[in-house]
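Shared between the two complexes below is chain A, which has chain B as its partner in the first and chain C in the second.
Our next item is the complex of A and B:
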């Protein structure tokens, strides 16, 4: 299959999944009660209710209602949030997104090299002490709930005055990411504060990510090391570390791409937990507090955004994968 | 003479099963040779015992109508571990005895995890079997449905589902099960695709065995193994999600003996120094999940027929 037709097929699939996600959210929305309720109060006269129902097309057949609802979504209409003074949900999500994005950016920038190093070390020393240590680190990383890890870290770091849970920043909001805004404003103490606000959440996020990534890299490296081309390289007298880093790791890295989607999921569900622990004003905390206040429109807005991000991440990962490994699209 | 007939049947059964029994024993012994798997097995058994012995270890007060509601211990602030309250108390507003919460929480966690895995296994096996055996449009429709579920992280989707279902332990179970089944469905479908053209299936079809019987008597028993192993590993993961929901305050109601809820109700006191109400339930979740992960990991390596001979 040609690369372009692979991209087209994969895009069609991504759009199909997004439609599915929107259907799922629509079903949940409608199961919450009469869709007209958000538009009326107890003083609205009975006669007006039917007019309002007609105005928002809520008297049409259900698939027409879905079409109107979807059309609204595409124009960025996610509804209003009662817990935030009836602010438009799309705007709320955009305002809170940068803090979550900041955490995601640093997580990727730090996790990938750390996982590369850890995965290589444990593959090179398979079933020896470094491998066992890395296994313990990984198993602990995914058996320990993120909120427990976060709370314990917070307890220790807060006692040592390393952590800030509700800082006040004096610099202007430009990107919405405190560490970057502080640099732009040239505010050194603000920069330090922004890092004290970030560091706890970052450690938890990096730990869980590295735990998965390093294991995946380790197993694909070990698999590559058993292949014929590696034996050939060894037979030619290439030394062991060059075989691993210059030959096997390049191929093992391809499998690394596949966990991008998993990482995106970790980032989003992790942000709900971690932002709640460290009081970081991102979309995760927004969704978690909306859920405790029964603000269903806001939670569902977050679910939709999550779906879009996940589908995009998986799409990009698959395209990269097919680019680096042509067997994928030929096998289709 | 029903007795002697049962006896003959039994010895006959044992003879036909003897290769399997030998195999099972070899596999079990292989588990015992791996220290990490032994640790996992020990932890799993420990929590099983803890759950069964909960009424003895932390007897609910006589007037309690629901043992999963932690009896109140009213103190000014959270109290550190003492002889009377080995894991301390949580203090205002819910005044929980942490030891009681941890002990009954182990029962609660196993109740949640086993129900979720059980329900999702049933749905997943049914859907996977239908998709894998029928193929074509039905298969396509079912698999695209699972794709939708896979595009949302479990915790996020469960949060949204709980909105629609309401907040209680049973809705947490239902919500997580709805999130969980697609994994099993896909796995089983893959096994079905591998098996459905095998000779023994062809043979059954040739002698006129009905589709239903082919699926559930011939293919499912051969395909179910990897699904069950993943199910065992998931027992821990389900508890991670459930306790996460409890911690966020959208799972079981505050005051319930659930580890995540217990941590959530005492969170405000942590930075004042009340470490015990986070550390004890937190370590309970960690060791519980660790146990099932290690055991599942060991099971996967040992029970996989392809690696068995190498063990």
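Our next item is the complex of A and C:
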């Protein structure tokens, strides 16, 4: 299939997925509790509550409410968030997204090569010391809850001034990602401060994700190394390193790409726990705040945004599949 | 705009006050729709009001003049005339005039936003209710000015003695009319009912005259106030006030210990960590301005109850014996100890209005934990049927009260079971206002600064009675009289009668006054929490720091 057809087909599919997800979340959020809750306070008299209900169409049938929401979305209006002082939701998401995206980008850039290396080293040295060390690293990473890891790092690194939780930056906000904005401004000390704001959260994210990805790659690699084509390559005199990296690993990458693709989507959608512990005001925290305040409009905005991110991540994963495995053609 | 907001310098400097809050609702500055803590804090610190509660030591006395230096009240309470103090200027340099004050209040009436506190004025100024469209004629007649003498007069359609106290609530900060209009805000005469002014919300169009001005606001992150060096009352000691949203307690504690913030919000369950740390101080205000109560539902929608509910009818709580039984069955002291670790004073015996306040009664709530009396009353309730048949009912609470309310529910359930094993109480999390559909609901309501706030809970039209369907004609009449009366001694007597009636009729179960707790560095001086303001960060001009970096 041609690439352009693939893109069109996947885009149409993505829109369908997003509508389906948004409808499901819309129905759930409007059904759980009273949707007027975020718009009122405890001193709002009952008569005024009914006026507010009518104003935001909350007294209409649910399909009518959804239609209003969808119509607003098509005009670029995701509504207002009562939790954040009736700020426009689109604006809130754009304000909070860069902090999450920054952490997500660094997590991807660091986790993927580290996991590739670690998984390969573990597979090559199966049941030897490097494999055992890798196993300990991985088990520690995936068995320790992120908030425990985060709090421990906070106590150690914050007290040692290696980490910041609420820094001031003297450069202008361009991307909203402090490390990138510092580079753009040529501000070295700002760059250092930005890294001190990032490093704790990044350690937790990288550790927990490398732990999983490295083990997946190790298992896939060991499986590939037992196959006939590897035996043939060895018989032809190809050295072990080349066998593993040039032959086996390419085929083992399919599972790795699956995990990395899905994880990347989650990393870019924000982790509530990480953002709360390290005081990174990103979209994960925004979403948690929206949920606890029954701010269904903000929850929907978040769902839509993460839907777009996940769909994009899956799209990139599909392209990578086709690249690494010629047996997989786009759209097939 | 640079982001985020707060300093990395190890230790806050002595001309800076930094507060770490656990409240997310940062993002709205417009006084009209304002209801939350942060917008009230910004208004109090950046916009002077006609009158206010100085509360220098946290006490609640009569309101005092801020922009107004003198005022007269008609003997029947139908007009309030204020003279605007000479020499007060907005930050931009223009003088504050009666016309600016008028514009401020006209905006309240014109937008009539039901989420805000405009209802403190509406019923008396215009006779309209929150959320309704108010015709321009009614708005213009309600507030008039005499530019020659710089006086403003409020003409009440319903005379009241509480108008002055309501004006002093930290919502009615004044801003410059010309600046607002020139930058796209409301033009008098426009129909803006139900609309939003985004430039006012962000603070862009607000030109106040207060001791600080808002220089940075990032929705959901925090805000910065910078000192007005030309403030008519004298510039404050602290140059910069920074409030930042830090949701996680352990992070707030670390920031305090490192001196990165001066003060931080604390919940009772972690207060011991502050008390045991010699580098920190625990500030406790026993009354945050809120009374907590368990509300009886007088018109229970039986069909909306969870599965398993039994033994009730829609008018179940109309039986006074049943209400008394529930009141005697609640373990008040155990609850206050376990849920609030002793930081919350019991609301009995003084009643809804806390001790020391006009309207507070020495025996306003004469119920204490007494299982024997509870048993007696249960046996009398509904001719003995309640005792015989038992019941299974839901007790609702909201997420933000989860900790204490769940403890209260569990203690209550155990107490009822001990009285009669057929009595089952099921605590359940709900949200406002639908959890009032259940037979019992725990909630909080404001208890001041004026006695009339009791009407929001017990009077017709108040949120308390509108959700619980409680109604008592005699009580309503007294509350209306109390609101209308301008003589303090007579009001005192009226509220004594109100409390006597409440004590007899027992509309709700009163548990505690909500405390406010804060952890602070010892270098912070002058911090005051006032139940009249109900804001975490306090009034910054009172604050100074000793030592510092």
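Observations on the structure shown:
Criterion: the second predicted complex is superposed on the first by the 250 of 332 C-alpha atoms of A that agree within 3 Å, B and C clash if a C-alpha of one lies under 4 Å from a C-alpha of the other, contacts with A are read in each partner's own complex, and residues count from 1 in each chain.
Keep this in mind: contacts are C-beta pairs under 8 Å (C-beta built on N, C-alpha and C of every residue); 3 or more make two chains touch, one makes a residue touch a chain.
These figures come from a predicted structure and were not determined experimentally.
When the shared chain is aligned, chain C comes close enough to touch A:173, but chain B does not.
In the superposition on chain A, A:41 makes contact with chain C only, while chain B stays out of contact range. Judged by the touch definition given at the top, the superposed model places A:161 against chain C, while chain B stays out of reach.
Shared-chain residue A:92: touches chain C; no touch with chain B.
Annotation for chain A, partner touching more residues between chain B and chain C: C.
Contact with neither chain B nor chain C is seen for A:153 once the two complexes are overlaid on the shared chain.
After overlaying the two complexes on the shared chain, residue contacts for A:276 are found with chain B and with chain C alike.
Of the two partner chains placed by superposition, chain B and chain C are both touched by A:294.
Of the two partner chains placed by superposition, A:202 touches none, neither chain B nor chain C. In the superposition on chain A, contact is made by A:310 with chain B only, not with chain C. Chain A residues in contact with chain B (one complex) as well as with chain C (other complex) are 151, 154-155, 158, 276, 292, 294. Against chain A, the residues of chain C that register as touching in their complex are 1-8, 10, 24-29, 33, 35-36, 39, 114-115, 117, 119, 129-132, 194, 196, 198, 201, 218-221, 244-248, 250-251, 254-255, 258, 260, 399, 430-434, 443-446, 456, 461-463, 466-467.
Listed in rising order, the residues of chain A touching chain C in the complex are 33-34, 36-37, 39-49, 51-52, 55, 80-88, 91-92, 95-96, 151, 154-155, 158-159, 161, 164-173, 176, 193, 196, 276-279, 281, 285-286, 289, 292-294.
Residues 13, 16-17, 20-21, 23-25, 28, 31-32, 139-140, 142-148, 151-152, 154-155, 158, 265-266, 268-269, 272-273, 276, 287-288, 291-292, 294, 296, 299-300, 302-303, 306-307, 310-311, 314 of chain A are the ones touching chain B in the complex.
For chain B in complex with chain A, the touching residues are 144-145, 147-148, 151-157, 159-164, 236, 240, 243-244, 247-250, 260, 263, 267, 270-271, 275, 278-279, 282, 285-286, 289-290, 293-294.
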